[in-house]
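Lettered A, B and C in written order, each chain numbered from 1.
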Amino acid sequence: MAWMNWPNTRREFLKTSALAGAAAALGAKLPSVDPARAATLEGPVNVLSWGSRNFQMQIDDFLQATGCHVNFTGASGNSENLAKIKLGGGDQYDIVGVDALWVPKFYQEGVIEVFDFEKMPEYQDLFDEFKKMTVWKVGNQWMAQPWAWSPLVLWYNAEKIKTPPTSINFLFDPELKQRIALTRQQEDVVAWMGIAVGANNPYAMTDEELAKAKEALKRLMPNVLKFPPQEEELVRLAADGSIWVTALSAGGAIRIKEAGGPTMKGFIPPEGVIGYFDGDCIVKGAKHRDAALAWLAHRVHSKYVLPNVEKYKRPLAYKGPLEILKKDGRGDFAHTIFYDQPEILSKMVIIGPPPNVGAYLDIFNEVVGG
Amino acid sequence: MVSKNEPRMPIALGLHGAAIYLFLYLPIVLLVFFSFNKNPSGTFPVTGLTLDWYRQLGDDYFMLTSFKTSLIVALTTVPIATFAGTLCAFGLVRTEFRFKTLASSFVLMPMVVPGILLGAAILVVLRTVLGVPLSIWTTVMGHVVVTTPYAVLAVATRLYGYDRVLDSAAADLGANPLRVFWHITLPLITPGIIAAALIVFTISLDTFGVTFFTIGSGSTLPMYIWAQVEMGIRPTVNALGTLFIVGSIAILLIAHLLLRK
Amino acid sequence: MATIADRVNVAPERRAGIRLVPPLLAFLPITLIDFFFFVLPMLVMSIVSVLVIREFHITFQLTAENYLFFLKNPLYLKVLGKSLLMALATTVICIVLSFPFALFLTRLPRSIQKTMLVLVILPFWTSYLLRVYAWMTILGERGLINRGLMNLGIVESPIRLLLYNDYSVVLVAVYLYIPFSTLALYTNLERLDRSLIRAAMDLGARPIQVFLHVVLPLMLPGIFASFIFVFIPMLGEYVTPAIIGGAHGLMIVNVIVSQIQALRFGIGSAMVVVLVALILALVMVLRKSARLEKIYGF
């Protein structure tokens, strides 16, 4: 009799029926998750990542569609994440969020594994600049699924700084005494100084360049109010007028305005600007690999990416939201956050772990502690 | 045991006491205040009053799981740390043996190492050296290590504090050691044990350092709050903090009323 | 100086032959747990600190480089010195503020003393991070104090000195640790034999002499306990200096944690070993003079 063949738990039922439905909704067969094998989609998906990549709505929908929970642990830093997974084992997490050039590092350390991103439907929606990227690829397999990108624009308080800056050296202006704040990423701070002293590759500086960067940092110190550990702090400081200059992603000015702050203008130094693109990776030895892949496919659905852009005000690697914004007549919002200028990607100094990271750290500690 | 007339409270002393309470609770009051503030940055200026942040808390699956994990860890840590700590207190106060100074230093030593560094070292030992999987239990053990010294001191104070004459009096009257313990010692040191439990619970709930590396894929409340603040969602954690404070004050008042003799 | 109380209060088990718990058994649970979760980790750290290690690749070559890196560099020693100073300042201020406060608590009606005591710890039940952030809303440029001062017309522009420097770190640290020193001093005060004070005064001592020669020595266990509960954790702080400290807000554990972030486990471990050894040495030196046995019995 038919009823004897029904799945015996409500969960199983949801998984088999809903997963097939979800696959249809996403427009393609989910890679490596065959609806017929849906019973193997076991969760929960354990994610170690930054908050700006996941929405409650996405998670609820995923739970509905697959019966899998998504457990999200806030990441604290690329190197801590690397240490935690490498020392603690790949079975702790299924997905880890990684920034830019840290991705190849994670791969070299055997902490993540490649997957077939090109088979996922969203691959088609990637900007060409991303499709052409080789640093995240091994053959045609990808180390990470791209998510967001942005230059770290130097935002300055237009009400206090009347003349627009023309060079990165404006940071050393004595008028800016204790009016600058940067996040406490030691490599990034030193890299900014590297840009200021004309280093060839600010994230792989020679000893000479490092010495010059160290001097530059010493000159910068009187102008720095603090190095907060969290980026959100920069928004708050700018909003309440404690600082006049900071480095934030594309939507910095909008976020500061919304926090009740003054009008900020963006400055991209001709000497160079730091930028990033980030993504999420599958952890090697992940316990719930299939569910993790399903989650990656699910979360870049157009339903979710647009709200994410609106909330965090920086571009994603996908063209979909840009088209929708333009159609909605919000092209200038898209333009303000650089969404329609992906060519900037090739001009940015991409963040990543320097080969001589100890030297960077020592410079930061010695200048800051001195 | 105590002098017949209660010593008086000079006005200066009273003012100082009030001032310290004010000092202690000023940030808390602000926290509560901001949890109703419409301003999404959770600080000044006040743009309006709202209950939105509290509503959002109810839907927050991450918060609820983190809270549950924190509670489970804390409630498991308390009996273990209190028990081990009480035993140690007996060992240190009630016995004489050659290496007592060494033993007491050993017991108190975990207080000396910063939590996050100990956590990383524990991770290495558990995973790389011993191959033990991470779980709630590994976190609990980490918490026990960090909180037991406090439990020892809390019980030791009480254990040493009461008049030993009572013990020997009972013994003289013919009670065996077990009866002495059960009827005399235990009731007298119970306040110390309760204090120890309370301190262990409080510390365990708020410990971030040891937890981060030993929790595996779980998340506890301090980790959740750190992640939320990192994302800039401060008002909901303000609401959470407020609920905690209100809840614990309520429990305290109820306990006070019930236990008044 | 042995008092009559000391002689009467000698361990009854010695007199009456009661011994409930053999010492070995008493320490068994904690030794077991501490062995795996404290001793072994510390051992591993000590071993790593003398090995040549490059990121995750450990060799078994012995080296003193990890220690020399730290000890030869005057700037790291400067940070250590600054951290010790800040921890000391925090401890002293905590003790000075807590002593009258503990006294105040002992003078409260007995029925509410315990409750008032718990009220002192209660703020700990909101998260550490939230309490630290709350101070920014008090001390910040548009915080409570500045707004108040500007609204009252006392100052024209916000006082920027209130926040983001070493003093604000000490202030917030005092806030965070004062409940601990209060508890430690309260425990000691409760146990204080007032007859000794009365005796001293009867013998003609002035209040200041009574304080210095009678009260203070009797409070040594509590002061020592405050030291343990305040100085040591404060030295281990890295979050508060990063949030509340200014551009130069760097304490020793910030430096150590940053070594871990740079995956320099060898140097990081060496720094931890030195820090722990330093603290232990301090504790042992001070313990001799603290006469802990009077209050804690050991």
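Simple rule for what comes next: contacts are C-beta pairs under 8 Å (C-beta built on N, C-alpha and C of every residue); 3 or more make two chains touch, one makes a residue touch a chain.
From a predicted model like this one, the values you see are computed outputs, not experimental measurements.
Chemist: Quick one: do these chains touch in a line, a ring, a star, all-to-all (complete), or other?
Modeler: Topology of touching chains reads as complete, every chain touching all others.
Chemist: Find the chain most remote from subunit B, comparing centres computed as mean CA coordinates.
Modeler: The most distant chain relative to subunit B turns out to be A.
Chemist: Averaged over CA atoms, how far is the centre of subunit B from the centre of subunit C? Could you give it in whole Å?
Modeler: Whole-Å distance between the two chain centres: 16.
Chemist: Please compute the C-alpha centroid of subunit A, do the same for subunit C, then give the distance between them in whole Å.
Modeler: Centres of subunit A and subunit C (C-alpha means) sit 39 Å apart.
Chemist: Hey, how far is the Cα centre of subunit A from the one of subunit B, in Å?
Modeler: Whole-Å distance between the two chain centres: 37.
Chemist: Two-or-more-chain contact residues of subunit B, please, as numbers and ranges.
Modeler: Subunit B, residues with two or more chain partners: 43-45, 120, 124, 226, 229.
Chemist: What residues in subunit A touch two or more of the other chains?
Modeler: 83, 240
Chemist: Residues of subunit C that touch two or more other chains: which are they?
Modeler: Residues 140, 142, 239, 260.
Chemist: Could you list, by residue number, the parts of subunit C that touch subunit B in their complex?
Modeler: 8-9, 11-23, 25-31, 33-34, 36-38, 40-42, 44-45, 97, 100-101, 103-109, 111-112, 114-115, 118-131, 133-138, 140, 142-144, 147, 175, 178-179, 182, 187, 190-191, 194-195, 225, 228, 232-233, 236, 238-239, 253, 256-257, 260, 268, 272, 275-276, 279-280, 283-284, 295-298
Chemist: Could you list, by residue number, the parts of subunit A that touch subunit C in their complex?
Modeler: Counting only subunit A, the residues touching subunit C are 77, 79-80, 82-83, 86, 109, 178, 184, 186, 221, 224-229, 233, 240-242, 357-358, 360-361, 364-366, 368-370.
Chemist: Quick check on the complex: what are the subunit C residues that touch subunit A?
Modeler: 56, 73, 75-76, 78-79, 82, 140-142, 160, 164, 239, 242-243, 245-250, 255, 258-264
Chemist: Can you list the subunit B residues touching subunit A in their complex?
Modeler: Checking each residue of subunit B against subunit A gives 39-41, 43-45, 47, 59-62, 65, 120, 123-124, 127-128, 133-134, 212-213, 216-219, 223-224, 226-233.
Chemist: In the complex, go through subunit A and note every residue touching subunit B.
Modeler: 46, 50-52, 56, 59, 69, 71-76, 83-84, 87-89, 91-93, 230-232, 235-236, 239-240, 258-260
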